[in-house]
Amino acid sequence: MSEKLGFIGLGIMGKGMALNLLKKGHDLCVWNRTSSKVDELVAAGATAGNSPADVASKSDIVFICVSDTPDVEAVVLGESGVLEGVKSGALVVDHSTISPQVTKEIAAKLNAKGVEMLDAPISGGNEGAANGTLSIMIGGDAAQVGRAMPYLEAMGKTITHVGAQGAGQSAKLVNQILVIGTMVSMGEAMLFAEASGLDLEKTLEAVSGGAAGSWTLSNRGPQVAKRDWRPGFTIDLQQKDLRLVLEAADQLGMPAMTTSLAFNLYRTLQTLGLGHEGNHAIVKALENMVDVRVGE
Amino acid sequence: MSEKLGFIGLGIMGKGMALNLLKKGHDLCVWNRTSSKVDELVAAGATAGNSPADVASKSDIVFICVSDTPDVEAVVLGESGVLEGVKSGALVVDHSTISPQVTKEIAAKLNAKGVEMLDAPISGGNEGAANGTLSIMIGGDAAQVGRAMPYLEAMGKTITHVGAQGAGQSAKLVNQILVIGTMVSMGEAMLFAEASGLDLEKTLEAVSGGAAGSWTLSNRGPQVAKRDWRPGFTIDLQQKDLRLVLEAADQLGMPAMTTSLAFNLYRTLQTLGLGHEGNHAIVKALENMVDVRVGE
Amino acid sequence: MSEKLGFIGLGIMGKGMALNLLKKGHDLCVWNRTSSKVDELVAAGATAGNSPADVASKSDIVFICVSDTPDVEAVVLGESGVLEGVKSGALVVDHSTISPQVTKEIAAKLNAKGVEMLDAPISGGNEGAANGTLSIMIGGDAAQVGRAMPYLEAMGKTITHVGAQGAGQSAKLVNQILVIGTMVSMGEAMLFAEASGLDLEKTLEAVSGGAAGSWTLSNRGPQVAKRDWRPGFTIDLQQKDLRLVLEAADQLGMPAMTTSLAFNLYRTLQTLGLGHEGNHAIVKALENMVDVRVGE
Amino acid sequence: MSEKLGFIGLGIMGKGMALNLLKKGHDLCVWNRTSSKVDELVAAGATAGNSPADVASKSDIVFICVSDTPDVEAVVLGESGVLEGVKSGALVVDHSTISPQVTKEIAAKLNAKGVEMLDAPISGGNEGAANGTLSIMIGGDAAQVGRAMPYLEAMGKTITHVGAQGAGQSAKLVNQILVIGTMVSMGEAMLFAEASGLDLEKTLEAVSGGAAGSWTLSNRGPQVAKRDWRPGFTIDLQQKDLRLVLEAADQLGMPAMTTSLAFNLYRTLQTLGLGHEGNHAIVKALENMVDVRVGE
């Protein structure tokens, strides 16, 4: 028998995820900061909660998908937040990408009320959210992972339990370190190719299939060659996640040299007002240094 | 009607490539600096030349596959080198990875004797050489690329004509910038994962299929998790290629920030005597800084 | 006629500064988190306050010298803090090195009670504090700078009004960027010298007087050559200040490449348990990478 | 009794040095690639040689001061070079800044003809050359240093024997690592100051006297604040020396992280056509990244 579900945060990602839960016939109560987004979900069969606390009071499992650490703090710990309304024995599943340390602090406060929490950040973009093909990285108790699994399977395709409380968030940051490393070296490589007078498309074709190949190169390389800066993931969001990486690396005492370099380069693009462009626009940070343009 | 072929340089890569030419029934004359390697080729049907000049004098197309810039200079321009014996109208195809600028200088000297040259560096490892599945990036005249194509197809699978003289070498360096960028960020990411207490194999599983995915992560990530440092490509060879990148970037006037960082890190591993290990051992350069070991 | 003074924070720096105010015959009420330090000041003529609020209630000008941003927040905004006791028309002078942004926030809260604030971070070490030869960088209103000047002159020698509210903190961070830049290049230079087989002391002698010269090289270079890691300023404190620089650079949208590099290197030394050593031990971060020791 | 002297290379530095030798009444034979510069020396009492070989044949001690490694190779090993004319028992003193390794190779060839060599690179700018106040860093045999000393004292003020053959060149590179480290952090610091809204001149005043102080900050900081890019030492020359540092660090197996960063930044300025500006213009490399101008 299905548990009663709640969903808080109906942005680009959250909306698709909530719709996928509804499609499986689950009972779903939703809330969003700006209420206009709620209507579409209600039209699809959801009920509307008045506040995160209200949603939590009506749910066995509460899914959260908001932007940043302070947003999760607000909807869980703030006034009329999840913590006020949640029932003992309930489960909170947080899909936001936030600080692994803050995740543990929030979990501790929920635990004190008899509530379990999983951190379950996602990747895969809005297509993944819409199609139910997200990657979901989960930290927390194995039994609770099992409890959430039927619902997670409605939203994601690669669902991995990577470790204890906070491990999901850490794995997401691992993901971001990797993305940014391939991104910045792609920028450097394409500037080198341009300056060498290479045909960019043929060069991408030549190198994408071998040891230099990556998702980034196959998907964003051709965009760079055409100077198409439409975002899969914006520089502003990337920079937010890199800030989490640098903060966590500092707390862990680990070096983060490529991430620091990428962070400095992305920051210059934000200063130039380009934070809304795709994260593959990192190449512009290098172009600006030498007044050369790839693909022109 | 098939042209007469020569092959100079029967190392790990060259041997497999030459064998693939023989398998197609081509007439092949070979030479190697240490003659022991020649015997295996002769047993497979090749004839042995006395010197690069001798091979060149008997060939319409001379393939070269040696290690570094000075090696190509030696076998082409040195005593009893290709330049001494080569026939007007012949074609030289250089599969070595060397400086794009030196490539152009050597080509100019061959051109002056009525000889054409293609730079055609390869990637794909010894398996690729053995199986005839190499990636080959070619710079030079289109008609000559067409002339060489039937023979290149015996050795490689992805064969791309990327531009004029030297463009093949430049594309290979583009390849190396990309490889090294994914490699160094993989090191940083796996150290972060270890310090975060993540299960490394589950984490690799969770992130390899999405936007963070790369050939490097899929092929070398599991090796790092098991501390298996057997090389697909050694640190020493990687460092040689990065030196070419940095030299070329300097000449082009382009920034090479990630490559410089990787170069500094790899250098420390060479200083510690680890140059023979695989290039995924870059993670050790970071581990040494904090006395932490991934996967232990 | 002299104003009544208060001093909060009697650590290594604060104690010397407070004693210098007493020597000039000023009326001084003091407070420290651990009360043992108060006795020495009382013996020298100070009166003891019960809390920051108590000190503030008895003072026209309140000097603060504590460690970090949260410490200033605690003694000003916390329970029984300065804000509770301070009189309208009073002046608060903060000698701590903290976030320029938090400085402005605290000043705004004091202003709302009719209290002025100057940010006045210091440099010059404990000798400077003891001898009254500190450098003091001041941000805030010019009239208040004039009001504080007679007392600042008892504590410092180079006293500069660099701009508006927060500018003193920003100037201190400028100072730290410069210190760290000379420090990390000194480490790199001395490792290079060692590996080149140079006589370190003669080399320092040869280069210190010219264009390569710096306070760091003259004062810390000889320490490095003798592997004397006693701190003028510890790695832990340096790292705290670099964290402020990186945070501020992020808010300003400016690149901070050398600071990021130094931050990563210092962090590794903290991870190895060396945070209590002098900031010139940065050279060890480089030594550890290649297992070479300068001066051995 | 004075030895007969030769001087090869009468550029900005060499001219002043040769004039200082003449002022002390020494017998001096000179040569320069472009002969116009010779006339001024002849007017001051020198004799003109026809070639480096000619100068060497008439001299007991031959001083050389040219630009780069290939220039020293040309005037010593080239046609009509020093090696052709030099007398057994003579001493060659090379004031150029070149590769420590090439220095050793050239010395070996001179030694084979019974000729000693000292590497004696200089710093101190054209004022130092004119006023006889250069710093001279010497590598080589102590007895030969003693032999050269009376003449070196006519040209320099801080004269230091730092070690064996090549050590002078290595010490000069140490000098350049330090210069560049203070230079790049000064750029970062002044950009931070500008973005923070600080008064640049007051900030320089506040920080120059303490732990952040350096020759660079005192001499080039005020130039940056006024956007005065006239060179003490040009970016092109600085870049040439950094190339020597990076090459030597590679051979020594040592990390060179700050130097790599500075090299990348300077390179961008060369690409933009600013190589003739002073090396303090490094700040422009950072300004270009964010479209901000210090001091405007």
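Per-chain residue numbering starts at 1, and chain names A, B, C and D are given in the order in which the chains are listed.
FYI, contacts are C-beta pairs under 8 Å (C-beta built on N, C-alpha and C of every residue); 3 or more make two chains touch, one makes a residue touch a chain.
All values derive from a computational prediction rather than experimental measurement.
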| item | value |
| --- | --- |
| Those chains which touch chain B and also touch chain A | C, D |
| Of all other chains, the one whose Cα centre sits farthest from chain D | A |
| CA centroid of chain B to CA centroid of chain D, Å | 39 |
| For chain C paired with chain D, centre-to-centre distance based on mean C-alpha positions, whole Å | 38 |
| Distance between the centres, which are taken as Cα means, of chain C and chain B, whole angstrom | 53 |
| Two or more partner chains touched - positions in chain C | 249, 253-257, 261, 265, 268, 271, 289-290, 292 |
| Chain B-facing residues of chain D, complex | 243, 246, 249-250, 253-257, 260-261, 263-265, 267-268, 270-271 |
| Contact footprint of chain A on chain B as seen in their complex | 100, 123-125, 135, 137, 158, 160-164, 166-167, 170-171, 173-182, 184-186, 188-193, 195-199, 202-203, 205-207, 209-217, 219, 232-233, 245, 248-249, 252-259, 261, 265, 286, 289-290, 292 |
| Chain D-touching residues of chain A, taken from the complex the two chains share | 265, 268, 271-272, 285, 288-292 |
